[in-house]
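So, here's a batch of structures to check.
The two complexes that follow have chain A in common; it is paired with chain B in the first and with chain C in the second.
And now, the complex of A and B:
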């Protein structure tokens, strides 16, 4: 236990841990000490002097070491003659702090006056106006009169683009340094800095390309003035015009808590519009931060059927009509009633020949109902993903009470086959901070990643040998050694590996985070199993802050695993063999033309696609059902840390002009009585699935009425959710630091969490973990071919996926499709950096890795890298290049 | 290219610091560049950043912070006059104004022959000997205290003659 220190602030006694700063101690008991430069997440610097207080300390008799007493027996307090900064002064026993005195007030008034001598009075056009600490504190502490010399006002540039996402207004900057400190102290990406001194000081970037940091948007939240604004929101709306709704980010498995600000706009025909995405505090998930993908990548969810771009949303069901033997017919708008009867009829016919393929961006409720449908019919529920091993995370994953934010001294985190910065930036931050607090960070990867800089042990394995590398760690700890391939023998003998294995084994708590860097479905299954074996062997299971954590490609893959979704290694075969396909939130045909197969997509199967857009797969479907995006409805996601979290409706569902030609049926589901307008509009995924199921079996245990009812049904049926209710997910408790109330000066504009902190799922203990499966078996690994290259898929945060491309603002960061080649290979192929090359993808299941059969060809830009081994090509996922596992390719220069 | 041109100098500088504190070498490396070209251009900042494993912005911040580093080209001799309060009380402001007038430039500007830039700076720790200034050139730094405009102009004339006689071909000798 840390020692508690008791002091008095403005007459109130408070006991806080030793080392706490006076400003924080005051905050804990609700006493306001205004600050600009201080931020509870960063080291104090005492630059702005706004937090001035009078501090008195007990007088100690030097000869006895005892406090000197006044005549009345109370300790004698000596006040320092000058005001002191509460943000740099740690508390002391018996200290007396006075912040409400005339002296302190007048000190603060002076500081405000200094700050305002050259601050522009452009509050009426400033984006920060209304939620501006400087504005608020000026009203509270500033002088009513200005002694401001207008003639001496300094003029600086007002629109400095620090990169295409963040703009700087130099006149408004009060030089608190929060942004600069955030970038260097918190996210270790010092691409903005101070230039010059005093009045001339300015925030600059000399980096190329500019303020290009995945966390840049957070600087606008903590900027205490309107100096930093985002390109997305600037001049967009006034803060007080905005409504707010709690949401969860849908881009990655971290599950960052968000608040979305919306308003109705004339410009959008009176529609509700998302104006900005802000972080919402959840100290166990994202603290008060959010990455730029989450902040700027929401447009896909908010797009409408009026959208003129290719991201036009589906507005009503489509049914294929007029198909003949020689022509495919066309998708024609239809009523829900018609579409649902066709679908339910054909699904009932298909019976256990139904294959439901779901994308991991769906909510728990959607996935649960899908699973209910396939259970009813006896069909198969498959998760559309390139990363497996999920069932192991439900058994050996992390459990309630886990929080990377509490890991530190004595703990260990092993990160395998994962580029956390690109796959889940906020986890990168949390793991880096755990390492800074003393956790032993061990990295096993085939290539260097940004996280290496924070690691205690960095271990490299040859490309394709990730599973062997984990087993090598296991070997280092056990007497019974598995025989491992030659490729990892160097690693196996590496004393660093031995040391890392011992640290991992001896840690109080240990996590393994595995990703899908350079691996596909089959490899990730083996890797997860190896990780599970290592955790089991070292006893790091079944306790908080221990276990296996999958860095999944999608926000709710974890939910799918918990609900029993499976992966399908030979998905193209399964798609071809099914009698009916129900494809929800996935676009296999758009991702990889291989899925089109010999006889067209899905072969002879009846294909239903349920999505936001008319995807490539949807174009080939027999029926297309329009779904609501997650911000148009409520529901819950399960984060990779197995935390179920609720999201709320942000904007009302888009309604579309209804074709009056179709007369509504009398046989309507209860939800649809709302009126014709809603009738043909998108519906929540869970509701659509439920309506289909109920048409097949009216007795089926499935509900379309609300996400809450689906969730509670799920809690009754699925053990992992058994401890939870929808209502409990919305519970909150006070978090530290206190942010988002009236005191925006303290924590910034991140929202306080009132929508729910979520709950972590219990471990599935019903199935015995299959941790011995790999023992004694030969470990497969990728053998490098003698000829040609092998393409390994990697993750890029900004990809060309359908959920990011609608965010125009990020296009420059996303860039064009590219591959990364080794310099020697490039030289041999006469390819130079930046050249356009043809990459031919080999047969997906080659009998021999050396044999390259012709497959699809893509035209991409080549980037050269000196560190990559020969024959290795890196290919970013979701860039329109159909590589989702190590694949032989042939590369040639485009003549 | 810095790394090629000053391979040994860079090695000597880096050797003075522990490898994990390589970033501490930023100031001597900046000085190396400035001695060579009298200011630090953006490209050199990037090169230094790469040598030290820090961001270009961090290097630029150091250039921005210290008045001895320049990120813009100026005169061959930089005359930095202290105009802080104690110096101002001893006439430094008038001194600089008159000096500039005699040279036909404004503070911060460079003489037409490209040799002299005069600029006001903060405290140079010689308050009792004001008016004073320091001259920075490729050859290093020199203090000139208890100055009058006439003194200063005489010095400028002397430097001008030296510059003319040496010529640019011999400039390298100055550093050694």
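And now, the complex of A and C:
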């Protein structure tokens, strides 16, 4: 229990924990002490002097150690002759702080006047204008008159690009250092810094490309002036013209809380468009930050006709017509009624031959209704993913009350087969901070990652030996030893591993985060099982801040696991064998041509694709159904931390263009659209699925009416959601630091959370966890071939995924498809860094490993790496290279 | 009695017949407006033809009738509309909403939007009441060139062009 200290600020008494700074103590009781350089998430530096206050301390009699009393019995207070900075002064017992006195006021007035001597009069066009701490505090504390001459203002360059994402205006910078400190202190990416001194000081970037950090956008939130602006929002709109809606990021399993700012735009024909994405405070998820993928990757919903066709949104159902024995026919626009009756008829015929394949970007409600459909018909509901083990996270995962932000001294986090920075940047940040607070961070990986710097133990295993490595830790702790492959036995004898295992088992709370770095479906299943065994053996289950956490490739994979979706290791076969395919938010044919099979995609199956865009798979479908993107509707996602969180409609759904002739209104704009016409626009996924199901069985327990009602049904049916309602998910409670009210100077422009903090799911206790299944089985691991290479898939934050590519701003960072090769291999193959190479997927026949049937060939750029072992090739996922598990490949230089 | 009333009435008629008429032959004749009359707005240009408007939306913020809609974009030296960093890519005033209060003129930091003396506004369609930037921009001053202009780098380096204090 920390000691409380009582002090008086402007006549108000407050008790705060020892060590609290005076600014924070004042903030807690609603007294404003203005700041520029101080930020509640960072160490104070006392650089700007804006927080000047008078501070008095009780006089202590040296001989007695007792406070000296005034005549009236109150303690004698001695004020220091100078003003002090409230941001660097910790509270003291009996302290008296005066912030509203004439002395303090004039002190601040002088500081502002001084800051403005070299500040331009840009407010009318400055992107910060309207939410600018300098502007606001000048109005509140400034003098209104300046004694300095306007003509003597220093002029600097106003349009400096720190990389293509962030711009710097040198004149506006007030040298508070928040941006530089954020990059080095908080996200450990010191790619920007101060250069020169005094008036000539400027912010420069040291990296290439400039400002190369996944968190760069956050500096524009905390910069107290408009010196740093994003290229995305630059001159996009004035802040006060924007409307806001609460949303959840759908790019990774962290589930960052977002506020989307929208506005109607003439350039988009009067449509509502998203102008910018801002973090929304949730101290248990993303605090007040968001990564650049979440901030800049929001253009998926827009698709004006001048976009590249691949990004054009589907606007109405398409049904294949005129198909003959020799030609496939074509997809022609149809009404919802027609499309749905075709689909429901064929699905009913298919019965339990139906395979529903769902992508993890769908909302809980969509997945639940899909599951209801397959339950009604008896088909199979499959999650389209390359990472398994989810059912273990529902049993041994983390449970309500967990928060990485509360882990510290005495706790341990094991991160295995995961490159957190690339897969879930905000988790990288949270785990790094937990390590800084004293958690023991153990990293098991086959290659180095950015998180290594923060770890107490970094352990390497040979590529493909992740499961054995976890079991080696288990062996170090238990009597009953599993026999591990020879190559891993070295690791088993490693004293560091022994020590790490001891630390892990002895920790008060321990978490395992496992990912899919360099592994695929089968391997991740084994890995999850091994992790579960380790957690169970060390007793780190069933308590908050303990358990297994999957770093999934998609935002709502966790939701799919909770709802009982399965994976399919032999997806190509399953696709070929099904009588009907219902593919929602997935593009197997576009990702990997092997799914096309021998007799065309889906064999003889009736294929229905439901998506935002006309994907490769959709082009091959019999019926294509247009879905709303999640920012056009409401719903909920389940984050990897098993937190169900609501998102709200941000922009209205796009309706299919109704031509003027058809429009019942004679006005130029179709203000009134008849009921039927509205139907031709995209619909929410859950509603489409429900409408199909209800046409097959009108008694089915499924609803198309609203996401809230689907959620209620889900809560009734699925135990994990049983105590949840939309109302509960929308609850908020007071969070610290206070941000986003009328005090932008304090925490920056992150939004206050009023849309709900979400709720963590209860653990699934109905099925007994299968932690012992692995015991006694032989542990396999991938052996390196004598010839050729093995390609291991890795994650890149900026990938060529369907929902990211529409964000043109990121294209430069995404880059072209590439592979990473070992230097020696490259030399042997006469490949140099940057060369264009051919990579062929080599399917080795399982019974005769020498026979090679060559598969797909891709043309990619080669990058060289010295650290990589020989014969290992790293291939980024979602770059159009069809590799989602360790796969033998042949690489050839392009002549 | 009746005759007296009649004569009194006709007296007024006869008297006014010899007075100067108060009506004028609009539209052949027009009455001059007062100096501070506020009529239809126009967007002004500098002498070289560049637009004064910097797309700051302050007029839209000040407008009590919510009649103005501004969207802005960034100038480049290859395509420059205004001397600052930013210009209005869309500028619309809905004349049906406007109450001719002149707040927009007061709010404008560059004296770009100015209410003129044109009061001859009539529309046959609501949509026609929306005046676009093309309709609002004043005619090109002599010697000026149309926007966008191509200019040499280094000439326009300020975010907001420097302004003198207003005189009246």
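Here is the rule we go by: the second predicted complex is superposed on the first by the 859 of 895 C-alpha atoms of A that agree within 3 Å, B and C clash if a C-alpha of one lies under 4 Å from a C-alpha of the other, contacts with A are read in each partner's own complex, and residues count from 1 in each chain.
Definition applied: a residue touches a chain if its C-beta (ideal position, glycine included) is under 8 Å from a C-beta of that chain, and two chains touch if they have at least 3 such contacts.
Note that the coordinates shown come from a computational prediction; the quantities given were computed from them, not determined experimentally.
Taking chain B and chain C in turn and counting the residues of chain A each one touches, the greater count comes from C. In the superposition on chain A, contact of A:122 is made with chain C only, not with chain B. Contact with neither chain B nor chain C is seen for A:886 once the two complexes are overlaid on the shared chain.
Residue contacts after overlaying the shared chain place A:107 against neither chain B nor chain C. Of the two partner chains placed by superposition, A:806 touches none, neither chain B nor chain C.
When both complexes are overlaid on chain A, the residue A:602 reaches neither chain B nor chain C.
Of the two partner chains placed by superposition, A:547 touches none, neither chain B nor chain C. Residue contacts after overlaying the shared chain place A:653 against neither chain B nor chain C.
On the chain B side of its complex with chain A, the touching residues are 42, 45-46, 54-61, 63-65. Residues 54-58, 60-61, 69, 71-74, 84-86, 89-90, 92, 109-110, 127, 157-160 of chain C are the ones that touch chain A when the two sit in their complex. On the chain A side of its complex with chain B, the touching residues are 184, 189-197, 204-208. Of all the residues in chain A, the ones that touch chain C in their complex are 120-122, 124-126, 129, 155, 157-159, 169, 234-238, 240-241, 265-267, 668.
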